[in-house]
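Across the two complexes that follow, subunit A remains constant while its partner is subunit B and subsequently subunit C.
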Partner chain A sequence: MSDSILDIQNLSLSFQGLTETVDVLDNINLSINRGERVALVGASGSGKSVIARIILGLLQSQKGAIVKGSVRFRGIELEAATGNQIESLRGREISMIFQDPTSSMNPVYKIGTIFHEILNRGTHNISKKLALIKASKLLEEVSITEFKRVLESYPFQLSGGMNQRVMIALALANKPALLIADEPGTALDVTVQAQTLKLMHNLVKKNNTAVLFISHNLGVVRQFADRVYVIYKGRIVESGSTSSIFENTKHPYTKALMNAVPKITSKSFFDASDDSSLFKQPAFHHKDREIGQ
Partner chain B sequence: MPPILRLIVQRISLALVVLIGVSMLIFAIARVIPGDPARIALGPNATVEQVEILRETLHLNDPIYVQYGYFVRDISQGDLGVSLYTNRPVTIDIAQFLPATLELVIVAGIMMICIGLPLGMISARYKGQFIDNLLRVVSLLGVSAPSFVWAVILMLLFAYFLPIFPVAGRIEDIYVIKAVTGFLLIDTLIDGNIDAFFNASWHIFLPAFALALSGIGQAARLTRANMIETYNKPYIEMMRAYGVSQFRIASRYAFKPSLIPSLTIIGLDFAAMLGNAFLVEAVFAWPGLSRYGVAVILRKDLNAIVGTVLVISLTFVLVNIIVDLLIAFLNPRIRYSQRPK
Partner chain C sequence: MKLKIKILLANPLSVMGLLLISLVFGSAIFADFITPFPLHKGAVVDFSNFNQAPNLTNIMGTDLVGRDLFTRIIYAFRISIMLGVVVLIISVPIGVFMGLLAGYSGGKLDFVLMRITDVFLSIPPLVLAMAVMGLLEPTLLNGMLAVTAMWWPWYTRLIYNLTRSEKEEGYVVAAEVVGASRWHVMFREILPNCTHAIITKMTLDFGFVILIVSSLSFLGLGVQAPTPDLGSMVAEGARYLPDSWWLTVFPGLAILIIVFGFNLVGDALRDMMDTDS
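Right after this comes the complex of A and B.
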């Protein structure tokens, strides 16, 4: 797997509280190849966001967080336990899209200023003028034609959908090799969410950007991902190509998730079992062909 | 009308209303406190006729609303009347004493901002660590004693036991400085007299610091709390995820949003220093408005009392307007919203 962009092995996380230690992640293994779109799906609280924050090294500095295991980016060990090696990669090689685009942009700075700051990560000491020219092109790529007005605006002056496009443009500004999208657009209207996802999909395909797509909704994932990991209570319970997961579902938890996707046509609420003891069954990893080979 | 202009007009009209209210109030209060101003001014040896003549020229025998009418007529011509204590126009008296007070308060305000804000930022950055705990104790000390207590303590420590700083006054008598602005720190520079400038700075340091201490503590505590809250915001996590440096986040992206809620309180503290300055001035024999204010109150010098209070209220109101505009300038949400707040 020389083509691997991200390789997570035996990753565990626990939080040391005053009286007890809470285990949040248990032995996570997850890998992403160059240009591959991988989804990580699970209920809220299952540990998806903490994985993203560990990759970016944002969690390690927190008091009481104990991280074990290995995270490699392009074969380079990132020293997941401390998160020290990741800093230089942030915003250049790895970038992130957050759940709520409007609240994840600084409310007292103009979009243009935020672009300048982020582009400065890729091109050191880039002038404001050049940054704005680059930003305009990036905004055009996410179908924003009135980029002048947008760059002059504050995030609260734009719609959620517009901010989401801006966020996508920001995330791809420095042509990262890996994009982490943590429930992108969940805070938006469904139609707007679908539009922006499609946009993001086209762009990462064009740029050959690998994506770790985090979602609690299997339905959204199907169109987007090449491969899927299903996570339940900090443990990967099933993994495989999107088609294997959808057409040959093995694990009871994945089945439950599948049935939770709202179907307009279905008459009953859930046909799935809600017997969560079944979810403790051993993990199932589909033996798919390597994607792209 | 652009929102920012609307805001200015609105704040200024509000300020006018406040000033009119204050003027009526102080006008009435100055006249209810016991004692006949004319009698006090003329002394115990004056005859009843002399007192009566002065009362007549001062319109003291007219009903209070008529007196207020005269007052409004005069003030619209920039005339605050004559002080019975100094026998000079009140405006001239105030012009002489106000700059010393303003200079003290402004230097204290600058200290409050330049020391308090960075302390709060450092505390928030190293939250829960030794340096944070140390700074929190220091800022708690600052707010826990009133400024005149600090004035006495600082004077004892650094002017008496360790005679580093002068005990009293604004500048040594050997320097003769032409008054242009009335602010010695500026006038000495206009004069090009660097020695005198340092002498004046050396004099103002302790009283200004004593005056600033509680504000420094307050600003540090507020900034710390607001910065910590801001650090938990998604947009700061976003900046970190994109590799923006800790220093740049602390000094820019977390600082500005945290400053906005702090500013209102800092503005109030700044205005409160105008009042506290009276006591600090007394301790350091600072030749400011306090001397004048105390003297004219004791003598029931009506025009001077009303004039002094009005000028202080005006300064207070101006500070508030400036703070409001500063907040609007920093906070685009206010700047762009049509309605205030």
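Right after this comes the complex of A and C.
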């Protein structure tokens, strides 16, 4: 297991409400190896994004969130790690791409300044000049040729697709070992999304970056990921290599998910089923727990 | 930016505000050169022509000890501006820092800081200032202190609310994700997004600070004689109304010009910043 970058074991999460606790995640096991692209697929509200937030340690500090289980990054138990340790991991070893690229950048700073700040986290006291040269190279890698103009622009002056590419460049600026992409480009239109995902795919392959790709778009997942985890109502119901999941679907929820993919050729709305008792039967692990508890 | 200035200049009211402010600042800076009797700012007595109505030598008349009122008003501008600047320079950073800290930290710190702020906000400003002045000696410095003590909570409240909403923005989460420290997030990410509100409020407040300080002086708790101050000038003259009307009318007009000017510019700035989105 020395090859494992991220290892999540028996992770469960619940939120303490005023009168009751709400279980959000139940016994999640997930691991990502070096340079591997892993997708986490599930419907809205199934608990995909909270997993990302837990990995980054954003949720643990929140009032009412009860996190159990272990999250190991390169063998370091994140729960036990000190605040400083986590802060030094974030941005250098782990980085993240968000759903909405435009709102994820501070509107008062120019792209060049944002790059300077991010690169400063990787290499301390990097000069602005050097940072801008590095930034131009990074922008070139995401197919932005007019990097001079982009670096001089504010985030709101660029288009969504452009910002998305800037986001990717920013996220990969410090050559992180793990990139968490939380539904990247959901706020963008399909063509732009496809373009940027292709770019991201090539880049992470080149840098050998492991990716946790969180999405509900099965088409994208199929092209992007090596391995897929399917999550339903806070439980991982099926996992396996992309080809096995797509060609040899075992779990009824995964099947329903596949059927729900809209087809261009179909004439009517697809029949999306949700909440079948069958879905709650995990295809694997959860051995130690009774179903339905 | 050029466009913004164009918008500002397109509104006649903002231009008027700018003109009024420049008039006040300009005359305060060059007071020594434009006033006819610069010596009259201090304790000068000229009983031979006391309480004169406006005439050619003393365009705004003279006060009860024969000093030129115009000269004293121009010098009073200096004091007023200095008071406004000092009060804001001290109270704004305190208020902003408290607001940022409470808004971003949340939890117990939020509760404690905001309740302290609420206590200050619940006391009528003039009463609080009067209490402070009553406890301490009524000097210029204590006047500033008193007004400062009542001014910062408004900024805390403003920045607190802004921080609470900015905190949920994507860029704040993004900064936290790349490992930015809480101070970095507070001062480099959230604060720059609040500056427009701070600047606008400061501009509007400048006039109000001057007004409050004048009120204190009017009550005899602010700037003490012989330093020229608009509030105390009005107070002195009030006893001789309506016969010696110039003693109150001109200083009163001077207060009006300052407050009105800053209000106009503050409104203009607010409109200007609003077009951001």
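The rule is simple: the second predicted complex is superposed on the first by the 270 of 293 C-alpha atoms of A that agree within 3 Å, B and C clash if a C-alpha of one lies under 4 Å from a C-alpha of the other, contacts with A are read in each partner's own complex, and residues count from 1 in each chain.
Going forward, a contact is a pair of C-beta atoms (placed from the backbone, for glycine too) under 8 Å apart; a residue touches a chain by one contact, two chains touch by 3 or more.
None of the values given here were measured: they were computed from a predicted structure.
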Partners on subunit A (subunit B, subunit C) - clash or fit: clash
Which of subunit B and subunit C A:Arg34 touches, first, second, both or neither: neither
First, second, both or neither for A:Gln157, with subunit B first and subunit C second: first
Partner chain in contact with A:Arg72 - subunit B first, subunit C second, else both or neither: neither
Where subunit B runs into subunit C (options 63-71, 135-143 or 171-179): 135-143
Shared subunit A surface residues [contacts with subunit B and with subunit C]: 56, 58, 63, 87-92, 95-96, 98, 100, 103-109, 117-118, 121
In the complex with subunit B, residue positions of subunit A that touch it: 56, 58, 63, 87-92, 95-96, 98, 100, 103-109, 117-118, 121, 154, 156-157, 170
Footprint of subunit A on subunit B - complex, ascending: 128, 233-244, 248, 253, 256-257, 260, 330-333, 336
Touch list for subunit C against partner subunit A, complex: 107, 169-171, 173-181, 188-189, 192-193, 195
Residues of subunit A that touch subunit C when the two form their complex: 56, 58, 63, 86-92, 95-96, 98, 100, 103-109, 117-118, 121
